[in-house]
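Think of it as A, B, C and D in the order they're written, each chain with its own count starting at 1.
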Amino acid sequence: MYVMKNNKRKDIIMLAFACDYMEGAHEKILQRLSETNYEKAPGYGNDIYCESAKEKIRRACECPEADIYFLAGGTQTNAVVIDTMLRKYQGVVAARTGHVNVHEAGAIEYTGHKVLTVPSHEGKLMAGELEEFLRTFWNDGSHEHMVFPGMVYLSHPTEYGTLYSKEELLEIARICREFQIPLYLDGARLGYGLMSRKTDVTLPDLARICDVFYIGGTKVGALCGEAVVFTKNNTPEYFLTMVKQHGAMLAKGRLLGIQFDALFTDGLYYELGAHAIEMAERLREGLVKKGYPFFLDSPTNQQFIVLPDAEIARLQKDVYLDLWDKVDADHTVVRFATSWATAKEDVDALLGLL
Amino acid sequence: MYVMKNNKRKDIIMLAFACDYMEGAHEKILQRLSETNYEKAPGYGNDIYCESAKEKIRRACECPEADIYFLAGGTQTNAVVIDTMLRKYQGVVAARTGHVNVHEAGAIEYTGHKVLTVPSHEGKLMAGELEEFLRTFWNDGSHEHMVFPGMVYLSHPTEYGTLYSKEELLEIARICREFQIPLYLDGARLGYGLMSRKTDVTLPDLARICDVFYIGGTKVGALCGEAVVFTKNNTPEYFLTMVKQHGAMLAKGRLLGIQFDALFTDGLYYELGAHAIEMAERLREGLVKKGYPFFLDSPTNQQFIVLPDAEIARLQKDVYLDLWDKVDADHTVVRFATSWATAKEDVDALLGLL
Amino acid sequence: MYVMKNNKRKDIIMLAFACDYMEGAHEKILQRLSETNYEKAPGYGNDIYCESAKEKIRRACECPEADIYFLAGGTQTNAVVIDTMLRKYQGVVAARTGHVNVHEAGAIEYTGHKVLTVPSHEGKLMAGELEEFLRTFWNDGSHEHMVFPGMVYLSHPTEYGTLYSKEELLEIARICREFQIPLYLDGARLGYGLMSRKTDVTLPDLARICDVFYIGGTKVGALCGEAVVFTKNNTPEYFLTMVKQHGAMLAKGRLLGIQFDALFTDGLYYELGAHAIEMAERLREGLVKKGYPFFLDSPTNQQFIVLPDAEIARLQKDVYLDLWDKVDADHTVVRFATSWATAKEDVDALLGLL
Amino acid sequence: MYVMKNNKRKDIIMLAFACDYMEGAHEKILQRLSETNYEKAPGYGNDIYCESAKEKIRRACECPEADIYFLAGGTQTNAVVIDTMLRKYQGVVAARTGHVNVHEAGAIEYTGHKVLTVPSHEGKLMAGELEEFLRTFWNDGSHEHMVFPGMVYLSHPTEYGTLYSKEELLEIARICREFQIPLYLDGARLGYGLMSRKTDVTLPDLARICDVFYIGGTKVGALCGEAVVFTKNNTPEYFLTMVKQHGAMLAKGRLLGIQFDALFTDGLYYELGAHAIEMAERLREGLVKKGYPFFLDSPTNQQFIVLPDAEIARLQKDVYLDLWDKVDADHTVVRFATSWATAKEDVDALLGLL
């Protein structure tokens, strides 16, 4: 059920595959919020729910020394993590299509740091090109007049739904170590990456490979919230003060703690990821069967197909769609996103309309 | 019930008057979150709940032209509003004790703007001293080498629980108009100010008097959320882009819209404010009766008394307290905060312990 | 005469073509500094020399309404002009190779603004690609989540010594007007551009075409100093306060005023430009005669040729060189820069060594 | 000779005691600029004159391990040093009247850091109040929500011409060490402080006591330039990259190196300081004799006296004055500054007019 505002204030109900943050939260989260509602807890994340959630995430990561913090959203998390880990003369290296480079309204530059870019290959950066970029910088005779690459940023799944293999991540991490800069992974849709049928990367792998990463909650069943995991005893000093300085500290930190506690109880986070993947595969198979051309091959919850503009116009009467790029004068890439909340009936209805 | 972590993981239940953000949310909010949970809504605040909440707030403010935005927390709201309304060469004028000057980890300066201070009188700035400050600046021959006062910041209630009278606000607003700078009011605890028995200031008054203010949700019954109200068709251009740039835009904007929609349905916001005031008055009367000396006279939900350190030590076995300033070697100011969720039984139990 | 430090503190004298800022200042500048030295003048640019220099530049620009400011260096000027002209949600569009994008240590990002890039063609951006970039931005459904292009930055001559034609500049200016953003031209080496034998662009042309540009002094005969020219009554409000805020205001503003007054007296600025061009042409002809391959075709004072690394090693015994990029395993691009101070004998000596 | 602009472009010659940066540079500086003018030197401070000047300053400081950098002006130096030495969550502690807090147009806040203030006593901060401020911060239970004091800033001479005694500096340094934060001294007018007849503080003392300080050139005989001295092997990593990022790196670094080389040859810096002090003492004695009331007792080149506004009006016909603060309705504090360039005849002429 998609509820839209229109001029007549009559709510219109439609199919909706525009993104993976259209519903509220998984009901177990709502239930826990309700059950704990009248308990009094100290503010700013110093409550027993945050503590419990952190412990469960440490176990899920097989990383007992992990230092974990909860923030409210993805852009905020990227800005806080990148700004607090970089020295003032450093920037962050990302694929040109990286979220931090394109769709965060300059939030990284707002903190004073440049986003340095390497080419994007369906959303991914290539280890070889990264290494070449870093080596070229250090070999440049005037590199002291340039922004120092101080961190590598990956999104996984990427903005195009693609995934790094474990081997690719290991190679990128090796390069980061060689150049002594941290590897940071943006896991806004991590649940959908971890449960992809095509991945060989697990949560403990990420904890071993990355210096810091975040486990996305907003797009994977929470009302809001991302869990930042520092894996190498490398939390920036007085991190919470800088979180506050960024305006990113919630007074009622329990709101985030309770949600992640629920997500990491009895494997809920994985279950939600698996459901979205199942729905995406169902959609994908239907699309393949119908012969639609795919823009690229995504193993996660976002599927990108090329549609004639006329068909798009027709579909939009019944479906809330996310138009991606124009391919040519008459065709556009459309993104269909499934989520933890996607109903099988909706997938079938969509396939019926196509 | 105050739930605390301790080393043995046994939860300890105590009385708690440390602050007004220790519980979750009013149950009507939780109920609405639950009822609307599976409706699909567009992101970033473009949903029907945000729209509905805005309309209700406009009506409550008697300000049909008000432009309203929802943000997650107080420091974030202050940083976003102040940064987006100031020119680059301007700073914000606040009482020395203003939240933006003391307890936001430099969030305003982080945006590049200075907090200019005038004396604090139990948390309030005085119109006369403000005017003198502004006049002195403009008369200073070298004022082009100084930070220009570009906005006035008030908190209401202040950090000390005190309130401006309508006359005081009108006089401050007159000065702001004379010097052509906006008046911004931080209403983190606004509900408790509006329902004070000693106030003559209403929400429509604030909408008329202030150029921008925010209605605090976090401390008045919401899980999180503050409603920024631009009252004079004066929203900064591309405000939402700058909200995103600050990392302050929630993907699921509905979380804020639904909460404020509930708070402004059937007067819930006022009801919650009134309850906290009733509890504060009950506490206050008990304290007066017992002869405790008050640090200052607060007409809102925060009561400040001076206690001997020995009594504090004794109390802390049973009560979670917020210690304010040391008064002398043996005495400390203690803040008792009531809230929308404070139980009469807890007030009585506290009075019993004192 | 190139004076170098070495471990034994014996000064070594060499040929030097590494850059165009290796000498002090033209002697007429030194003479004027000396003549005016004991006159007492008010600080911060409020002196008669600044006033006189501004008037001469206005006349040279045929732009009586021009508003002119003197700053100390190029990166500083770029940061101040770009930061003060952009709104907080905007970035500056530059060719990927633009100085602001590569060699200013992130000075623009440090002010909170992103450098948005379009492809570089021998240092220049192409009007068509710029227009496409701007159009794509405004057509993007999620452009409010992106950095707004708020200004176009050109360098002229570019970092590769190339020049825009008047037609190219007019077309770029037309696009800027269409998208309502200012056109800014970095003229760090403007004197060498204006006196190129291949240019059809004059100083009055620039004043008509650009919204703001700067006339480089540091690389064209001054000790330091750049003259920023706002041509359209468009100086940002309280610009000098923001100059001070950037740490860019010299107490003894006369140092800059006197220098630009001298440079714009009796056509000195053009004379210095012409000399460097004459020397560059002499060098260029010699290089062509000797059959050296040029990396690109530069009509200004910087000449880029491809040399075998072995020859470079040999040359470096006698010549202070600026190595540019590696072309392949055995070849490197070398930049030879002439300047207002280059001696004909040195050019001939260099050609003799090659 | 004071040269003023007026509407008729006729230069008016007046006495001038408004500040200590009204002339160009000492003639030995001009002479050295001239002598070295055609030597080719590498840019950005990598020249033999910078090297030589640094070595001379190290010797004058009796601090062979000192790391020295040259910047162009005072506000720039303060912003660069403070920003590069502070962590992101820290601010700098200064007396309320400190230059960084009042007259730098918010340059420190522009870098994201708060100026934390302690009371000013004729421009000086008191060790006891500093210690109390720091102790209170660390004892505050919510200090992680506050700006951390990360450095102490002193000006010496202060903005009121006053000086710290060696004992006072040692005590402040002791407190800094106790709280593990660096002590930074702004020596914009250091030459006039070092040569005061009332001081017991030498340059080697400052090198021992301070973690970083700067030796002012602009106000003590140079065209521009300040020499930053890091005394404890504590230069921030990649300091020059951050200097560039601040737009504070001069291409022709020699301009600064040559000037400081001249200032620290044969004691010129001290000689210039001594001259200004001699002139200030002559002025002071004359003022005392005439019975003028002093606003405060300054042992350096700035003398502050209280004058009736009528007398000021009369004086301004012949003298360029710097009006400080209003004392009452009819009286104003006037600052008379002498400098390295003040002529004895001018002092006598001024005294004759008073």
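Just so we're on the same page, a residue touches a chain if its C-beta (ideal position, glycine included) is under 8 Å from a C-beta of that chain, and two chains touch if they have at least 3 such contacts.
Everything numeric in this text was worked out from a predicted model, so none of it was measured.
Chemist: State the pair with the higher C-beta contact count; candidates are B-C and A-B.
Modeler: A-B
Chemist: Of the pairs A-C, A-B or A-D, which one shares over half of its contact pairs with C-D?
Modeler: Match found for C-D within A-C, A-B or A-D: A-B.
Chemist: From the mean C-alpha coordinate of subunit B to that of subunit D, what's the distance rounded to whole Å?
Modeler: 42
Chemist: Please report how many Å separate the Cα centroid of subunit B from that of subunit C, as a whole number.
Modeler: Here the centre of subunit C sits 51 Å away from the centre of subunit B.
Chemist: Measuring centre to centre with CA averages, how many angstrom lie between subunit A and subunit B?
Modeler: Roughly 32 Å, centre to centre.
Chemist: Could you list the positions in subunit D whose residues touch two or more of the other chains?
Modeler: Each of 89, 104-106, 110, 112, 144-146, 241-242, 244-245 in subunit D touches at least two other chains.
Chemist: Within their complex, state which residues of subunit B touch subunit A.
Modeler: Where subunit B meets subunit A, its residues are 1-5, 11, 16, 18-19, 21-25, 27, 30, 33-34, 36-43, 46-48, 51, 72-80, 104-107, 110, 218-219, 223-224, 241-242, 244-252, 254-255, 320, 341.
Chemist: Which part of subunit B faces subunit D closely enough to touch in the complex?
Modeler: It comes out as residues 89, 91, 102-106, 109-110, 112-115, 141-142, 144-147, 323.
Chemist: Looking at the complex, which residues from subunit B come into contact with subunit C?
Modeler: 83-84, 87-89, 112, 144-146, 148, 237-238, 240-242, 244-245
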